[in-house]
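The first chain written gets the first letter, and so on, giving A, B and C; residue counts start at 1 in each chain.
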Amino acid sequence: MSRERRRLLRPSTLAIAATGAIFLVVVIGAAVFADLLAQHPPDRASGAPYQSPNSDHWLGTDDLGRDLWAQLVHGSRVTLLVGLVAAALATALGTLAALVAGWWGGLRDAAIMRLVDLVLSLPLLVLVLVLAAYFGRGQTVLILLIAGVLWARPARLLRAQVLKLREIGHVVAANALGAGAGRILRTHLLRRLVPLLSSQFVRAALIAVVVQSGVAFLGLGDPGQVSWGSMLYFANNASAILTDAWLWWIVPPGMALTVLIVGLAFVGFALEELSDPQLVSHGPAPPVRRRLDPTEPEPPPADVVLELRGLAVAFGGTEVVRGVDLQVARGRMLGLVGESGSGKSALALAVMGLLGRPGRVTAGATMFEGRDLRRLGREGLRRLRGRRIAIVPQAAMSLLNPTMRIITQVTECAASPASGTGGIQPTGAVGEVAERAHAALERVGIPRDRHRAYPHELSGGQRQRVVLAMAVLNRPRLLIADEPTTGLDVVTQWEILDLLDELRAEFHFDVLLISHDLPLVAARADDLAIMYAGRIVEQGATGDLVARPQHPYTRGLLNAVATVSGPRRRPIPVAGEPADPRRLPGGCAFAPRCAHRSEVCSDSDAPLRPLASALVACHHAPLEAPEPGAAGTAGGPGNAGEVAT
Amino acid sequence: MSETLRLDNVDVLYGPPRGPKVAALQDVNLTAGRGERIAVVGRSGAGKSTIARLAVGLVEPAGGSVEVLGKPLAGLRATERRALRRRVQIVFQDPYQSLHPGLAVSRIVAEPLAVAGIERSRRPAPVAAALESLGLQPADQFLNRFPASLSGGQRQRVAIARAFVAHPELILADEPTSMLDASLRGTVAELLVDLQRSLEATLVFITHDLALARYVADRVVVLAEGRIVEDRPTEELLADPHHPETQRLLVAARRLDRYIRSAPKS
Amino acid sequence: MGSQRRLLPRWRHRGVRLVLQYALVVAVAVVVNFALPRLAPGDPSDYLAPPEGGTISLAERQEMLARFDLDGSNAQQFSTYISKLFQGDLGISVRDGHPVTEVVGDRIGWSLLLMGSAVLISTVLGVALGFAAGWRRGSRRDLGLLSGVLTVDALPAFFVGLMLILAFSVHLGWFPVYGAVAPEGLSGWAWVGDVAERLVLPAVTLTCVGLGAVFVVARSAMISELGEDYVFMARAKGLSDRAVRRHATRNARIPVSTAALLGLSTLVGAATVVEAVFSYPGLGSLAFAAVRSRDYPVLQAVFLLFTLAAMAINLLNDLLYPLFDPRVRKVGT
């Protein structure tokens, strides 16, 4: 479930941003080159009134004989000026209010936020109109009024962001190391507010333009200024709508305003998408690609529950699982161990059909109950999930819906239609379904009087128990536990693992246990598979593998662990850094970190081959010799895939 | 007094300003002497992190007193408090959040120096030294990188480099390993101890894992539900745990061992 | 960190605190409302009865000021203002001499009708379209809806109004243009039909204004909920798309309801313009007329009314929030 949040614009957002930018450039261009574009003055008569478009007056003239084209071109200046200046003032004011309220908090926060709420819920245009009635109609007054009303929106959003940032690690860290408020606000807060600030600025400019044009349309704008709103005011007063004049008197300024506002809206939208990483998270899974070999693969032997054959998964152009062969044998718990970024979670998600965009399975077969899961399609896979294969994901505190009672969330697993896949007991009447859900919750140790609780009322361990209850409710054949105890403390960790063992014995399902914690997995699993950079590098029965690890990486993992009993032994780290799937070295991916590496390691990747009772992917195995490089450069070609357990 | 950190009868309450409160710590007495390494061990919610936050002034006690480097925090003025904080550093749990994503490593690590008022030209040397002592070698390969391009283990080492660059007298490590892969935990703990030794600083290591505590600390303090239930030298505590909570934690840690002890040395 | 189990129900506490906060804000609003016209350049009394104008005698001026409670010191004026306010007396309209309460009372029904229908349509439509777009983010449907709604939203209300009049009234002749009801006294169903006919164009115009904000918030709320772990879990449980959507919409309601309520103010603002375009006799056009004729008593009444409405909206939001989000309720064991 590692969730990569990409701060990238999607193509669709990019198209919108580009359109918006073009619109803005057109309007800004008109404003800058107004004097070149129009040969008549906008605010004085330059011909007879009520002219239709002609070669001298491209859009005709108004009731006072003023050139409409000149008004249109020059109108952009006033509209832009009011919009941008008011927006800049409002954003600055809003930022100030947000920092004071968010950072210092307390009474200042309460007072500012009540004011913000009030200003926000007052009708902007009416407020500006009323205030304009009191304070006059000049352009400066209008700008100040708009800014004085508009600051509340950015203030509210920015304050929320400041509150979030206050709690975020690096701000707390800066605070803890005694940095002054000025320094924290400057380097730690303002910098991170910039994306939100820019989108709020654009949004404020948009609203300012709308308000300015509304005021002008009502004839309450600065009488000395020509703007698009005032053009429409005069057109409306002259009843242009009842004559053909609407075409050159009403449509052009209306469309010009629309172009400007759409431009601002599109650009603002794109900036908002950028500023909120939440919004750029992955979308729902794409439909399963059906470009597969038409011949259905051979089913595995009956005692194999799940078999992966050459499974490959890519995120965009990066392969994170690079051809994995793996079997979960009936009655034997398989532990899959790897560091973050080794591809183990992607593998689990691929089996379940839960890969988020842009992840997809690029090759291989996933055999379960005699069929290739990749051939089932979206709906087939969905019906399998939670019924034949269940998953217990990382013990994130947020796996349960915060606004639903836990009993509802367990019940819906049983209540969802289960037809289509063989061997499932049909779901019964409502009362019976609810009873099963209650029973499952009680089985995992949640007492009956807590069943109507909301997730936030439970501890982390209890929530993971609820997830276990949901997983076993439909008596699945296989349970994939993907880091099921990460984030829990050591004691709770064992409680959950013990519970998993009990349930496994009681409900007769098989388990694929995935974790970065080799000792933890070794304590539970019958067989182990060690994964590095998207490949299985060693596989075998747990006892053998831990006692006689043959791959340098497995040895490294074992040596890096601290122990609480026995002699104090210094943990020895695995040298170097975990492989980056975007930049894998040629040959063996582990070679750069390996003490045993030789030339052959960078020339060719070692295939997984049988060695004693295990499978090892290392040119230098067996590693009995203590001296690096002393082992022979053995390594027979490709009999990978045979399982020798 | 020669104690670097001293908590006397400290109570800490959490909760909304005017709402009902929850006790995070109750009547906690704890001392850490100069150059000492202690581990604070307990389950989630036991109040471990609150101790670290107390020492750097991120949390105010509701009762009792907190003394850091011989000065009671309660009576200090803002400037004195800030000056004191510069001699105390903290390493946080989450290496993905504790580094500013918009700053280069060089600026992140130099921040304590900047805060201490050390002029710009005299910052690069200690920054590079701190990075290299944490195995981020050669330092100039890391100075201009941003946190997003570092692995979790590298980020946590940058955070530790930041904590040590200004030569603090007290270091609080608040579960610095719990978000790292199991294979990296021992290493990070080792690095902390090495640096602590070279600076003769006091280290308070907070963890839920007794195996790590054993590597780091001379003395282990066990917390349960906001109270200290055991406070003894490490090997003595491991050999003969008195309190049931300690026993539970020890059993949990031991269950991992049998597989590891049999493993060969490479 | 610390366990939350021991927290007692805070529901009642919160209610009391909210009411106090709101009472304070209303009091401030009343004072501001009294002070604004008096602070602004140009004393209202000067405007009403210019002392040097010479058109009226000093006695007439005194009588005029007394009529609008503008005589006496500021403190006296304030106490008169407050005591009259408590009696439900908002003064007399400068423009037509009727009591302000009467003038406002005539308009408020039409405003509620117009606003109500626009709010209803734009919220329902905006939420439905927003959720639909967010569900398949980045798809062609999303892109189409997004750019379409943003464009409709960008059209200035008066421009939309004028174009609708042009198309449907001037050229097609389907709808009458002006007012909320025909001047000749209709009754029964004929009256209802006429009112409905005259409502269509302004309501559609106003809907265009309110649609965008609701749509954008609904869409991003849907997208951000879909990225949450519990939605992943819902998929992992094998729930159908419909059930997964139910999970996400349940939580997306929280930001959407806040945004929809706070978005009401934009609609009220736009209603001023729309009512002006369609000569619709609502509060917006009343405010507009009052601004043009400097009818301070009416202006103050409208301002006060909007403030109270805004407070009501905020209060509603604060009260609705815990209904949707159990985490705010903090139920004790």
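The criterion applied here is as follows: a residue touches a chain if its C-beta (ideal position, glycine included) is under 8 Å from a C-beta of that chain, and two chains touch if they have at least 3 such contacts.
Given the structure is predicted, the values throughout are model-derived calculations rather than measurements.
For chain B, the chain whose average C-alpha position is most distant is C.
The most central chain, judged by C-alpha centres against the centre of all protein C-alpha atoms, is A. If you average the Cα atoms of chain A and of chain B, the two centres end up 31 Å apart. Remark: chain A and chain C have CA centroids separated by 34 Å (rounded to whole angstrom). Measuring from the averaged C-alpha position of chain B to that of chain C gives a distance of 53 Å.
Residue positions of chain B touching 2 or more other chains: 45. The multi-chain contact residues of chain C, meaning those touching 2 or more other chains, are 3-4. Residue positions of chain A with contacts to 2 or more other chains are 459.
Residues of chain C touching chain A in their complex: 3-5, 21, 24-25, 29, 36-37, 39-41, 135-138, 142-143, 146-147, 150-151, 153-159, 162-163, 165-166, 170, 212, 216, 220, 223-224, 226-230, 232-240, 243, 247, 250-251, 254, 261-262, 264-273, 276-277, 284, 287-288, 290-292, 294, 299, 302-303, 306-307, 310-311, 313-314, 324-327, 331, 333. Chain A makes touch with chain B in their complex at residues 168-170, 172-180, 183, 187-188, 191-192, 339-341, 459-460, 488-494, 516-520, 522-523, 542, 546-549, 552, 555-566, 568, 570-574, 577-578, 595, 623, 626. By the touch criterion given at the top, residues 43-45, 56-58, 81-86, 89-90, 92, 94, 96-103, 108, 111-112, 114-115, 151-154, 159, 162, 181-187, 189-190, 208-212, 214-215, 238, 248-266 of chain B touch chain A in their complex. Every residue of chain A that touches chain C in the complex is listed here, in rising order: 1, 3, 10-13, 15-16, 19, 110, 114, 117-118, 120-127, 129-136, 210-211, 213-214, 217-220, 229, 232, 236, 241-242, 246, 250, 254, 257-258, 261-262, 264-266, 269, 272, 276, 278-279, 281-285, 352, 354, 382-387, 390-391, 393, 396, 398-404, 412-413, 416-417, 454, 456-457, 459, 467, 470.
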